[in-house]
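In what comes next, chain A is part of two complexes: it sits with chain B in the first one and with chain C in the second one.
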Partner chain A sequence: MAEFVMVILGGLKFGAVYALAAIGIVVIHKATRTVNFAHGGLVMLGAFATYVLVVDWKWPYWTAYLVVPLLIGALAAGLELSILRPLRRADLFTVVLGTIFLGTALSEAFRLAYNTELLAVPAAISGAPIFIDIGEDAAIVTLEQIWVTGGALAVGLAGLFLFRYSTLGRSMRAMASNIRGAQLCGYSVERVYATAWFTGGALAGLAGVFAAPSRGVSPELAVSIIASAFVAAVIGGFDSLAGALIGGLLLGVVETLSAAYVSSAAKSAISFVLLFLVLLWRPEGLFPEAKRRHV
Partner chain B sequence: MSDARRPLAILSPLLAPLALFLWGWAAGDYWRFVLTLVATSTVIGAALTMLVGFARCISLATGAMMGIGAYCSTLLILHAGLPFPVAVVASALAGGVGGLLLAIPAVRFKSHNLAMVTLVFQAVVIILVREMKSVTGGAEGLNVAPPVIFGQTISSDLVYLGMAACFCALALLPISVLLSGPYGRNLRALATNEVAARAFGIRIERYLMAAFTVSSAAIAMAGALAAPRFRIIDPDSFGLHTSIVMLAYPVIGGMTSIWGGILGGGLMRLLPELLRPIADYIELILAAIVILTVMFFRGGLTEIGERLCPRRTAPLAAAPDAPAERATTLPAPRPPSHAHAGDALVATNIVKRYGALAAVDDVTLAIRAGTLHGIMGPNGAGKTTFFNAVTGFIAPDAGRVVLFGQEAKPGRVEDRIALGITRTFQHVAIFPGLTCRDNVIAGLGRNGVRQSFRRSLDRALWSAAARDEHEAASWALAAVGLRSLAETRADQLSLGNQRRLEIARAIVSRPRLILLDEPVSGVSHGEVEQIVTLLRRLNVELGATMLIVEHNIGFLTALCDRISVMASGRIIADGLPAEVVARKEVRQVYFGEIEDAA
Partner chain C sequence: MHQFGRLCGAALLAGALGFGAAPAEAQAPGVTKDEITIGALGALTGATSFMGGPGRDGLQLGIEQINAAGGINGRKIKLVYEHAFTPAESVAAAKKLVESDKVFALILSSGSTGAAAAANYVRETGVPTYNLFGATPIIRTPFAKNVFHGAMPDAPTSAQALVDRVYQAKPDAKKIGLLVGTYSFPQSNKAAILPILEARGVKPVIEEFDQDSRDFTSQLISMARQRVDAVIVLGSFSEAGFAYKQAPEKGLANAVWVLDGSAVNDAIVPIIGERDPKNVWGYSNMPAFPAQDHPEAVKFRQAWIAKYGTPPQGRPNSYDMVGYGGAFILAKAIEAAGENLTWDGLIGAWSTMKGAKPSDLGGADVIFPETFSETDHQGNRALGRATIKGGLWQTVGQ
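Showing the complex of A and B:
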């Protein structure tokens, strides 16, 4: 029983990071109708920036939480400005091709800059683990686990509220549903696109900061994160921030469960199986945004 | 015309393996080794041109398909002792099966979701290879023995290159035939306009399944050919990374002809060899090239090439916006065979509801064969919905449609063309990337996948059937006055000419009933008169019944024999044009006139 609880908690920790990355994908998609396959690259660069700050420059860990999101957000906005702007009028097909190779370019740039297999980042918080008594056994929970799960979820929820209730969120939703109409109402395309990418990038950067201690930094991180974040977003219906949040947590738990009780191969396969099943039976996701109503 | 050269153009991709072989002959062993891999890359590029360029399906499963081919042939040689060429063919079949398995779920999706499904396939194949250690050797990989043919072990790099070139030629030929024939054209048609494609009998899912199957078979064959050159095959060589690198082939080369994939594949495989000193940067360079291509030269290398040396066949005289020549009366190649008495269309009690709104509310309408029948009515009257119910685009909630005495089941749109029914669209629905002639040929029907395969072969051989299609298209284009623009791309036409092109596509199959949805909306006043003349003439010459939905009352009264007026989903008046327009309730509904004595 205690083992089971620990597996679930461990899953929630990974899931919270997936959720954060997935929310970034959804924010960008909601506001700009761009499916960002380069998102995994952004998360990886976030983890990499954390490494540089914390290990190379020996800054205190908390600075990473402030600096990295700003940095990756700015990078994402810059990519939108320089590379995706010319593609704005192109169809989704072309944009998807563009972002796939953008992601490759990002992880390649990292690989060339730091020619190592894996960079290790120390834990953000250390301290005595907490023991929770369950029956005869005790579940061990590390502070790191609590911090990552709680922190990532808090950021995710903040993003959710921001998108739903702020003017900025409204402008993004307006832009997504009718770009011309939104322009006529005085929303600036440039500003909304730039903010959406900045927000998405900042979330990716944060996901990277949270993921860095447990996952390390490697080019493979980009691929594994993008796959998981996509699965989370698809489970959530791709256009729902809350859905992406829940989808991420669900995926994290399912992955660790299958790793613990089936095999490590099952862990890598399960997310794909999940994605496949959701796409096949509920392409609108398990938590579709507001059902369409017929008048 | 380029007609006489067409078979040669279809054979031209075979120059690629030939050139590679000749180069290898002149070069040393190391280059022979490299060129073998280049040859397999040209096949992969060509296969991806079909899937990514023509069908616009982003596939991230290329590596997996290659892996299926490589492992399949290696294991068959190892365990079943098959001769190498047989194993290569068998692995192509295995790849085809793999492609079909992937396509069955994948073709339901578009763009990024489709890409994700292919990613799932890729990941699962690699996991399987890694886990089935006893068969595949797991992550450590599998040793590939040198190929054996007729008991002879092939150790010479040149002989191997020659054999690989032969196999590549064998794979390129069918791809070339398919892509330059009706199959390839229909793929491009459905990628640009699904609705119109379906209206002319192109069944999208089947086409995409065929594209996945054929391209996967070719990719698996390339994998089987490359395997002995790798010496050891392991799951990492066929990972997602490989898929992404290969996805670059058609993008960089150009996605509108087989040469794009061949050039892209060949050059991108050569690039790492040419840039050896900076080999570390090769993938960054590759990604950068793709991003630049997507940003600035979306046509890829082939388009750049065409721009540098424009093709001679471009019709110089016909500036795309030149007014079309007067539609000429041509003797119809076949006499109108549908001189048909009775009713062309009987729609009884058609009802279509959207939630609480009855868009079509119990409409009964009979149209006599050979007549021109107009339907008018204000916006939201239910005209287009009725139209869609008749053409099978939507299934009505109630009512039946009888076409020429035959009950039309509310089944697939794709089957209506076989009943002799064609349509045009309110918003012009041509296939923009195709020439006018190819747009019209798509309207001939016979667009089932297998039929299109056979027609592609006909086209390659320039047989009588293909010449007939060519002539029929010429006839239809001449009938609407677009003869001189036959080889122009459809998206370069003016709106009025695009509407004519739609009419040409609708008449080329000599239908019994043509449904025209707002054929003159957005067309200039002068052209409206020309279209009236054109439609009247087609009605007489073809004996085709026409049902026309329009807002333009002047156009309808000038053209039609009878007019029905719809409002709020019901037919409120029906009769001769002048009489109907004069009716009080029609004027009230349509022009908003208020009765004086209120």
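Showing the complex of A and C:
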């Protein structure tokens, strides 16, 4: 039983980071109808910025949680302004290709700048693990596990509330619902798009801060995060922030359970099996925002 | 007229064969009056770039010091380095260096995967080859008179050192876990460790992982279930670091950890997040680690920083040091081969070299002295006992 509890907690730690990255993808897609395949690159840059602040510059860890989201958010808004805005009237295929190669460019730029296998970032919080007695055995929980899971989930929930209840969120939802109508109501397309990219980028940056100690910083981080975040977003419903949050946690737990009780090789396969099952059973995802109309 | 043409043609052909062949026999490829070209290959990007990149930088630093001191018998050394990560790239790089760049000697600064891939080619061509990092038996067996091995010991020697470290740290260890990468280097070490453990009556718990893995849930849970006393990790520093870090979360809290040579790297310290872990051991194939407070390591580090600037995390690492030291060993062999350089001359001189060390040519002694014979081309067999103290790997005896 203790082992099962530890497996679930381990899965929640991975899942919370997936959820945060997935929410960033959904925010950008919901407001701008752009599927951002460069999101993994932004997460990787968030992890890299954490390395620079904490390891190179030796700033206190908490500054990374404040500075990195702002930096990566500003970078994402800058990318929207310089690359995505000129593509706004292009067809969907062009925009998708644009974000795919933007992500590749971000990873390769990092590889060129830092020719190293991996940059390691220490844990934000360390200390003796906590032992929880369960029957005859004890489940071990580390402080880092609690911090990453709790912190990433708190940020994800904050993003959810921001999107649902703030003026900012309302403007993004209006733009997503009907761009012409939103403009007539006085919302600026440029401002809303820039804000959406900033918010999505900031969430990617935070996902990078949380992921850095447990995954290290390398160009491969971009690929591994984007794959999991997309699966989480699709499971959740792609336009649902709550769905992305739950999809991320579900994916993390399923992956870890399969690694523990099937094999490590089955881990990735099972996440895609889960994706196909959800798409076959509920193509709109588990928590769709828009209701299906039966006619 | 027709006959005259034929005679001219025959004369030209004879001239080309006769006069053209004479200088080629006298002068080995890659050797001119002023320069000796050496080729090297290794991964500059990808999962094993932690070996190839430092290998290149260490070699270049050593060669520049040798050239600054006047070179070898009046000739300067020039390094041509080819990126090679996959087996196919390694063979292609070796062929390019030997056949297009016409190098005088070849250095394998890749890991076991690249060394294994290039093994047949270097044996067939007979090019003098210096294997810096490859532990794989494929490059060592069958014995080839043109292939020499440096600071990295063969798999049986390092396997014995790993098992020794387990029992030095926990003499009563009963259950031993082997956490093994599925790629070439860990697999060759696994094959060498199993008979040693079997001779001690130990049946290890074996768990494998793919190269560059970050999640060790299944492997660690299996070891925790079987309550292993010690875990031997055969993999890179990042793989070993993340496995060690995740162990308590998976219920494996008090085991002794013994890490293979490629994991004994200071870059593991920020991953595991402890500056003085009690139960982490390894071996070193050098007298001191790059960041250790040791006069030769300090001398090397200062030279490295003077050339490459402020190092990134984990650099210079052991592979920088071995590359640097290797440049001096090869230069010493070339010097011993005399002024009229040929492949056979170099191989002959190298095969009788005893106790060669970088300081013989003015370098820092960051590797153990290397000794070769006509039947044994493993230059080094000395291995230190290593642990992490104050956030750095330190050699603490043998």
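Note that in this section the second predicted complex is superposed on the first by the 290 of 295 C-alpha atoms of A that agree within 3 Å, B and C clash if a C-alpha of one lies under 4 Å from a C-alpha of the other, contacts with A are read in each partner's own complex, and residues count from 1 in each chain.
Please note the rule applied: a residue touches a chain if its C-beta (ideal position, glycine included) is under 8 Å from a C-beta of that chain, and two chains touch if they have at least 3 such contacts.
Keep in mind that what you see is a predicted model, and the values were worked out from it rather than measured.
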Review point. Would chain B and chain C fit next to each other on chain A once aligned, or clash?
Key: fit
Check your understanding: Can A:269 be said to touch chain B (first), chain C (second), both, or neither?
Key -> first
Exercise for review: Using the touch definition from the top, say if A:259 reaches chain B (first), chain C (second), both or neither.
Suggested key: second
Review point. When the two structures are overlaid on chain A, which partner does A:105 contact: first (chain B), second (chain C), both, or neither?
Key: first
Exercise for review: Name the contact category of A:92: first (chain B only), second (chain C only), both, or neither.
Suggested key: first
Exercise for review: Quick one: classify A:7 as touching chain B (first), chain C (second), both or neither.
Suggested key: second
Review point. Which partner does A:114 contact after superposing on A: first (chain B), second (chain C), both, neither?
Key: second
Exercise for review: Once the structures are superposed on A, label A:123 by its partner contacts, choosing first (chain B), second (chain C), both or neither.
Suggested key: second
Practice item. Aligned on chain A, what is the least Cα gap between chain B and chain C? Give it in whole Å. Key: 5
Check your understanding: Of the residues on chain A, which ones does chain B touch that chain C also touches?
Key -> 265
Point to revise | chain B - residues contacting chain A, complex | key: 56, 58, 60, 105, 108-113, 115-117, 119-120, 123-124, 127, 130-131, 240, 244, 247-248, 251, 280-281, 283-284, 286-288, 290-291, 294-296, 298, 354-357
Exercise for review: Write out the stretch or stretches of chain A touching chain C in their complex.
Suggested key: 2-3, 6-7, 9-10, 14, 51, 55, 111, 114-123, 126, 129, 139-142, 145, 213-216, 220, 224, 256, 259-260, 262-265, 267
**Study point:** Residue ranges of chain C touching chain A (in the complex, touch as defined)
**Key:** 44-45, 47-50, 53, 209-210, 212-219, 221, 224-225, 236, 238, 241-242, 245-246, 248-251, 253, 267-271, 273-274, 312-315
Revision key, fill the gap. Listed in rising order, chain A residues that touch chain B in their complex are 35, 37, 83, 86-87, 90, 92-94, 96-98, 100-102, 104-105, 108-109, 112, 223, 227, 230, 234, 265, 268-269, 272-273, 275-276, 279-280, 283, 294-295
